[in-house]
Amino acid sequence: MENRIMKISARNQLKGTIVDVVKGATTSHVRIDIGGGAIVTAAITNEAVEELKLAKGKSATALIKASDVLVAID
Amino acid sequence: MENRIMKISARNQLKGTIVDVVKGATTSHVRIDIGGGAIVTAAITNEAVEELKLAKGKSATALIKASDVLVAID
Amino acid sequence: MENRIMKISARNQLKGTIVDVVKGATTSHVRIDIGGGAIVTAAITNEAVEELKLAKGKSATALIKASDVLVAID
Amino acid sequence: MENRIMKISARNQLKGTIVDVVKGATTSHVRIDIGGGAIVTAAITNEAVEELKLAKGKSATALIKASDVLVAID
Amino acid sequence: MENRIMKISARNQLKGTIVDVVKGATTSHVRIDIGGGAIVTAAITNEAVEELKLAKGKSATALIKASDVLVAID
Amino acid sequence: MENRIMKISARNQLKGTIVDVVKGATTSHVRIDIGGGAIVTAAITNEAVEELKLAKGKSATALIKASDVLVAID
């Protein structure tokens, strides 16, 4: 497992604080408050949650590839 | 094409204002200022840009599925 | 949560009727009959299922970004 | 390159006929008529288009992972 | 379900041997040893695991679309 | 932009050496030799290529979320 990555290609790197972590059978939902009233939800493996010791109150960055973002208008 | 969708399953729906639209041969990059100093980049088809008439200064929402979000820590 | 989206960039918007919803610990599977004998399965969060009140027999649209579609030939 | 795959995990395998192929600088858009008036657009690499010899009128299957499908309701 | 696909557009097709399959409520994790000490983890539906009869010791190929790969540097 | 990420949730982190970088109008293809005869192709934005100074011969890690991996069998 890679532990000292310094730069990553993802265009969207939103820093914040973990609001809660909900574990399922294999998939966890991690919610990150990125400021300005916005919360980002990530669905990741339970293994990742354990390995990164993700928990409420910790700092974390949500990474999102530009090709995974859709755009909507009213 | 569906034009009156009212609710969508995506957990992440970040509202903002389009900062710029850069068109490529088939893929465009749309950057949306979602406030708090954060800008989200979406890579979508040129057809979508034209159909939604996306342009600098317009309001838009970035939609991101929870399963497309990665989490990083320092 | 955005509730009045009118247009969305996704190239693939397949309308149909929900056939069944199977809830897991954090992830649900929603199957939508889009006609012509084709059924599309979506894996989404339980929260989305509850928020949109997805249930068997209801109308729903499957949204798929063009960059998430692979092509196979015989 | 794997050329004789018999079964694949993708829940969504929509068979149809290619309507058109539009090549960009690195990314092509392939549109597949899957019947019932529905057309699915795939954004794939130019290399894939060449390797699979994708062209208008040929049979092709659109493959979509369940975790890449969003659900919308009116 | 499509059972005799011969060629697929995915740029990344990594052959290997299944190391283990962990089933969750709706999502399974399948780990494939692709050689050279590298193991690839796939999160797929339980239905796919059953349909393809995936199990420890069997041969399998991990398919990954180029647009789903991020790049990191130290 | 986040420059000092130490740990990332992606289950698949494949280290290697960049074989070539092909730039398109907005999207680049980066190919990474991960050893054992396997090459992984990433489709990322031109901006990411420039920011990370990706070039032939440099070390790089391909990051892939488990939910983006499909499984195929013969």
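Should a chain be cited, it is by its letter among A, B, C, D, E and F, assigned in written order, with residues numbered from 1 in that chain.
Note that in this section contacts are C-beta pairs under 8 Å (C-beta built on N, C-alpha and C of every residue); 3 or more make two chains touch, one makes a residue touch a chain.
Since this is a predicted model, take the numbers as computed values, not measurements.
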{"item": "Intersection of the contact lists for subunit B and subunit E", "value": "A, C, D, F"}
{"item": "Option in A-E, A-B or E-F whose residue-number contact pairs overlap D-F by over half", "value": "A-E"}
{"item": "Interface numbering overlap (same over half, different under half) for subunit A and subunit E", "value": "different"}
{"item": "Far-end chain from subunit D, centres as C-alpha averages", "value": "A"}
{"item": "Farthest-lying chain, centroid of Cα atoms versus that of subunit E", "value": "B"}
{"item": "Chain pair showing more contacts of the two, B-F and A-F", "value": "A-F"}
{"item": "For subunit C paired with subunit D, centre-to-centre distance based on mean C-alpha positions, whole Å", "value": "18"}
{"item": "Rounded Å distance between subunit D and subunit E, as computed from the means of their C-alpha atoms", "value": "19"}
{"item": "Averaged-CA centre spacing for the pair subunit C and subunit A, given as whole angstrom", "value": "23"}
{"item": "Multi-partner residues of subunit D (at least 2 other chains)", "value": "2, 4-11, 13, 24-27, 29, 41-45, 47-48, 52, 61, 63, 65-68, 70-74"}
{"item": "Residue ranges of subunit D touching subunit C (in the complex, touch as defined)", "value": "5, 8, 10-14, 29-30, 32, 34-36, 38, 40-44, 48, 52, 54, 58-74"}
{"item": "Residue numbers on subunit E that touch subunit A, as the complex places them", "value": "22-29, 41, 43, 67-68, 70-74"}
{"item": "Subunit F contact footprint on subunit A (complex, rising order)", "value": "1-11, 13, 15, 42-45, 47-49, 51-52, 61, 63, 65-67"}
